[in-house]
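One structure below.
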Amino acid sequence: MVKKLKSIVGVLGLAGLVLAGCTGGQQAAKGDSPSSAQAADGSFKVALITPGSVSDAGWNAMAFAGLQAIESELGAEITNAEATGAKIRDVMRTYAQEDYKLIFGHGFEYNAPGVELAKQFPNTVFISSSGAETATNAGSFRFYLEQGFYLAGMMGAKMSRNKHLAMVGLNVPSIVSTFRGFEAGAKAADPNVKVTTVLLTDTKDAVAVKQATLQVIEAGADMIIHQANEAARSVFDACKEKGAMAFGSNADQNGDTSGVVLASAVIVAKPAFVEVARQVKEGKYQGGVTFIGMDKGAIDFIVNPAKAGQIPDDVKAAVEQAKQDILAGKIVVPKDEF
Amino acid sequence: MIESLISVLLFTTPLAIAAVGETVNQRAGQINIGLEGMMLVAAYVAAIVAIETGSPVLGIGAAIAAMIPLWLIQNFLTIQAGRDQVVVGTALNLCAIGLTSTLYQMRFGQSGQLLSVPQLPRWGGIDGMVLFGLLLVPVLGWWLFRSRWGLVLRAAGEYPDSVRSSGFSVARIRWEAAAVGAVMAALAGAHLSIGVGGTFVQEMTSGRGFVAVALVSFGRWRPAWVLAACLLVGGAEFLKFYYQVRQTALPYQLFLALPYLVALGVLVIVGKNSRAPAALAQPFRSNQ
Amino acid sequence: MNSVVRFVAVALGLLLTLCLTLVIFGLPLGPSLSRIATGAFGSEAGIARSLVRMTPLLLAGLGMVLAWRAGMYNIGGEGQFIVGGLTGATLYKLAPGLPPALLGISILVVSAVGGALYAALAGWLQISRGVQVVISTILLNFIALHLLDYCVNGPLREQAGQNPLTDRLPDLAMLAKFSVRTDLHAGIFLAIITALLVFGFLFFTSPGFKIRLVGENQRAARANGISPERVQILAMALSGALCGLAGGVEYTALAGQLGRSFSENWGFLAIPVALLGGLHPLGLIPSSLYFGALLAGTDYLSRFSVGGKSIIYLIQGAAVLVFMGLQRWFDQKQPVVLDEEART
Amino acid sequence: MLALAPLDEEFFGGTIHAVLGENGAGKSTLMNLLAGILPPDSGEILVRGTPCRLQSPRDALGQGIGMVHQHFMLVPAFSVRENLALAQTPDRRGGLDEAKLIQSAVDVAAELGWEVPLDARTEDQPVGVRQRIEILKVLASDPEIIILDEPTAVLAPDEVDDLFRVLRQLKARGKLVLLIAHKLSEIVAIADRVTVLRRGVHIATANMAETTAEEIATWMVGELPPQLAGKGGVGSGSVVLRASGLRARGDRGEESVRGVDLEISGGEIVGLGGVDGNGQVELAETLCRVRPLVAGQIESGGTVAYVPQDRQVDGLALGMSIEENFLIGGLSNRDLVRLGVVRPRSVKAWARRLVETFRIKIGRLQDPARSLSGGNQQKIVVSRALDQSPAVLVAVNPTRGLDFAATEFVHSRIVEAAERGCGVALFSTDLDELRQLSDRILFMSRGQLVEGESAQSLLGGPA
């Protein structure tokens, strides 16, 4: 009897749960109504999708900073999510259905899904960081960070005592391409300089990144550039332990407490993000692939003021000259197409 | 050459301490799949406390303290409630990833920071934890194989009924073994962030806890052999960059998978002759 | 009926866990819950999302049931899932000219075969080399991950671009979708049919019976002329086949291409799903739906709320722990019949 | 479920007190209460006049109560030394002073004239030696009260005699020996007092001198069992099992079957006796093709059915249903499983029929086998083996641990099977059983077969 009673209670409970779920859904729909109302009022909603956590202090964090700039400068309503592989289309669709006007996908893998969904959601613009496919409401922009890396390579080659430079970073196309820029810069400054690459699969393993850096220094490299996102600290730490120098990347990392950072090759992402967002907001976005380089102020090579005294004047001058040449189009820094 | 060896020793220490701690656990009949999560929590707590107080030693202390709730939850479910150890451990890992990442983001903002953590002092490339790890092996070896505590503990992993009939509490022994394992996990995790890494990164354990669990059987449930197994795998990890740095034509992923291939390969070779504790991963019901 | 009571109590327990976790981490409870509900079953898209998440959980969960029932603690679902996808992608690379429909089916078949072989390897290691499946599958998971990384960067890398992705399958080779507005695909039917088949297999065929018998008492099986080793390797192979099939379905249904992040921990998440379903093929249908909905809901939550991103893992982990606690509570309430002989 | 009704009983030092009863009578429950393994639901236990709480084996040990369990409490992977050390007084502090800790055990062993291989691995020892270690473990702490739960079940006759010699010595030193046994003859030979339980109820307690074996048997089963059936039929002449030059390895790779030739005719019961651990189990498993052959040939004239030695270890899946436990033996039956598909209705009908013919007491067919008493569990194993109408039946200690009535029943079924023309290889350590049933008796010694008469000397005295 008790058993029966229990099962009845159970069935009622289950029914209640389902009901709660349904009403929950309805409430949620109501809960969303203010934002849809805002959308109708012309509120501007922007979403960012990243392949990794935006707390990586590197690639993803840079895009997140751009998104935050869109919020502060254009008053947009922003949100962000992590998605890779099979989830990409679902996330994009979710945002588009929620009336987001601009959806950034921060990586090559967002290009094809974006272009595909652009057909279904003509009122939403899909932008990916790198990628070649476009539509009227879908496109990509690509930061020409290779330019900054080229200058770092020049400075490194000129200052290396062992004539041995090294690059430590993730094995993804955008990063491998920046390494090409670095190598080109180094060879331009000194054809005999040796450049070693260590590719990583995972920058979460900061300990392994440190070990990789230590080993490359032990093999003779004394100027290290990295693309190790959140594990950058480990690269600098290893340099400090072994008395090597380092270059920062993506963000201005000159202020790092290790005191080994000579200069940083940086992406100033905010203007580019804000610019695209403004175009979308004003309905002027046309689609296409945009290269954003030094000429637009999006890429820079910043020498660490605290280290400026250690850099010979002729090196400074040569790097400055190369910078002008890049701006003037006299030097075209090589880059991979991806 | 010597420098490379010292480097391997330093970088292997977190793995070795965790694996030796797990040896005690497995000898008592428990497999701690949640080791990965425990190490991660310890790495986070140690880093935060070390940053706040400037003292890496306090960081280690805090990491050990942070193990208490994990230890309680895990062993309440496995020892008292007799739930499956593999599942509880898996769940614990999920919790640890969620907890550390959420706390990290709440503290350092969504875009994160490059954390500089006060590190343990080093002498000639090694720190106190390395010495501790090296010392730990003979001590735990003695404890497991030459003391009454160890005898009873091993019996609990082989045939718990015999422990009970001799007047000991299987549950208590297993709680104690789990405590040793948890303290080792804390030390291993703390060493990752404030010993070798010098920073904290989300999910920075990167599977070391899992590997430690696997290496215990590789080391045939004997602390000295487990240490040797860890050093072998540590050496393989060293090699995975060694060949890249020297620009060999071989695909570098081969070397990334090398530690796991080495571990699996050795297990295949020695596997037939080694014997797992007979009651490993089996819950013991004291009322049966 | 008792199992219904159980299920509801568990469901309520999990709901409570969810609420507590949200509150502890300072997320607004009402709005967060309603986000989760919307994301899971608040609309056509939500229901589709839940079912899409449910599919790999159910398939891989069934794989776990087969292995665990035979006493093989397969925690290598992750590796088998990846190898399943990889085998499928390799087939496409080798025979891109196959007629699309045939290609799609062949990919599903070879992905199951690939997963089966990978899992059978772990089974063989335990049987003939004494390497515990728990241990070997941990290592095989890592090896599969690196293999995937190698393949998408090397031999399977797409021909057109330089991206570390495999070539995209032609649309016609992909699993049927029901609507362009959602990702919902035919895989869900495949998964449910598979659950029914596994149920029939386990309880109404002699190999299925042998799997359960071996898990229950190996020696009794041996004394009755059944080779536990062969049965266990068979169970591992079938388990791997289902995990591999889950990978194949995920590959042919959603992205149509593999990247390094192809698996989203489906192989690991399948373990709690299998346990919540009581290691019973039919119990897995509600339990995978539950986890699928939870994943869909928390995913959706994380897309709109700032704090919701990593908490998902915490919620999932805590849910399993609470479930384990509740299960214990139920076990205690069950009458235990023991006589003198049975106990000693 | 009530395992033991309220019971008052007194036990005196300097006696051997036997506790008797059929399966499920509550003997083990009573002993487990005294040894602190089970806490009592009500009532109290007085040791030397003082009430004490026996909540755990530790409490019992503290009161000088030691128990030798029916199943060995030895860690197989440990050395004998380690197992002896494990049993010392529960104090986990300090190092392991082996010499001191196991000295008392070694002393006791010397006193009893037992040789103990201290450094050998426990699992490599034969059953008799392990039983000795088990007893030494208990005696080393010099307990006043020694409980032995069916210690004779697995021992060969000479080992039983040895054990009884030791028990008498203990009695002479003023100890209380509590003994559980099934075999009435053994009890008559050794006990001073006897307590009989039936279905958890205390039936009687008496001094051995004041009662008779017949009276005790009546107490145990309620009424005296009928006399045994006569010997099985004469062999039909045609050979149903022919084994020649069999060699097989034991679990640890040792040569345990070393050249066995055996022929069994239809309708013949061949008894295979001998001291446990001489390769009987291995031979039985080899004959059933459970254990791989190293050399030799086996020819059989049909199915070979197997009743393994330990029903819980080798016979049943305790967590599976009764019905499914029947099916374990019926997988090759074309009526039950066709083309790999199980036919549930046929299985159910078949299981019902077996339950009825073999008078197995069950609740529902869906209940787990765990819920049955040992005798009924054994009936499942025997019934499903005999139901296949096998050409050959290989049975190892088929009545081990069974009560009187169940033993009778199993015996009569084996005889029946032989009458139907089945050839039976009956392995047993119980000579009475062998003599009752067998048409001829062979003994195993060191992996080889020896003829009946010459085997007498192997057993260390008249059988």
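Order as written gives the chain letters A, B, C and D; numbering starts at 1 within each chain.
Here is the rule we go by: a residue touches a chain if its C-beta (ideal position, glycine included) is under 8 Å from a C-beta of that chain, and two chains touch if they have at least 3 such contacts.
Only a predicted model underlies this, so the values are computations on that prediction, with no experimental measurement involved.
More C-beta pairs in contact connect the chains of C-D than those of the other pair, out of B-D and C-D.
Ranked by how far their CA centres sit from the centre of subunit C, the chains are topped by D. Averaged C-alpha coordinates put the centre of subunit C at 45 Å from the centre of subunit D. Per-chain CA centroids place subunit A at a distance of 34 Å from subunit B. Multi-chain contact residues, meaning those touching two or more other chains, occur in subunit C at positions 146, 149, 153, 309-310, 338, 343. For subunit D, the set of residues that touch two or more other chains comprises 69, 71.
Residues of subunit A in contact with at least two other chains: 53, 171, 201.
According to the touch criterion at the top of this document, the contacting chain pairs are A-B, A-C, B-C, B-D, C-D.
Residues 3-4, 7, 11, 14, 101, 104-105, 108-116, 192, 196-204, 206, 237-238, 241-242, 244-247, 252-253, 256 of subunit B touch subunit A in their complex.
Touching subunit D in their complex are the following residues of subunit C: 203-207, 209-210, 212-213, 216-217, 219-226, 337-344.
Interface residues of subunit C, counted against subunit B in their complex, comprise 25, 73, 75, 125, 128-132, 134-136, 138-143, 146-147, 149-150, 153-154, 268, 271-272, 275, 306-307, 309-321, 324-325, 327-328, 331, 338, 343.
Residues 31, 33, 73, 77, 81-84, 86-88, 90-99, 101-102, 105-106, 110, 202, 207, 210-211, 213-214, 217, 251, 253-254, 256-257, 260-261, 263-264, 267-268, 271-274, 276, 281, 288 of subunit B are the ones touching subunit C in the complex.
Those residues of subunit D whose C-beta lies close enough to touch subunit B in the complex are 37, 56-58, 60-61, 67, 69, 71, 73-78, 82-83, 85-96, 137.
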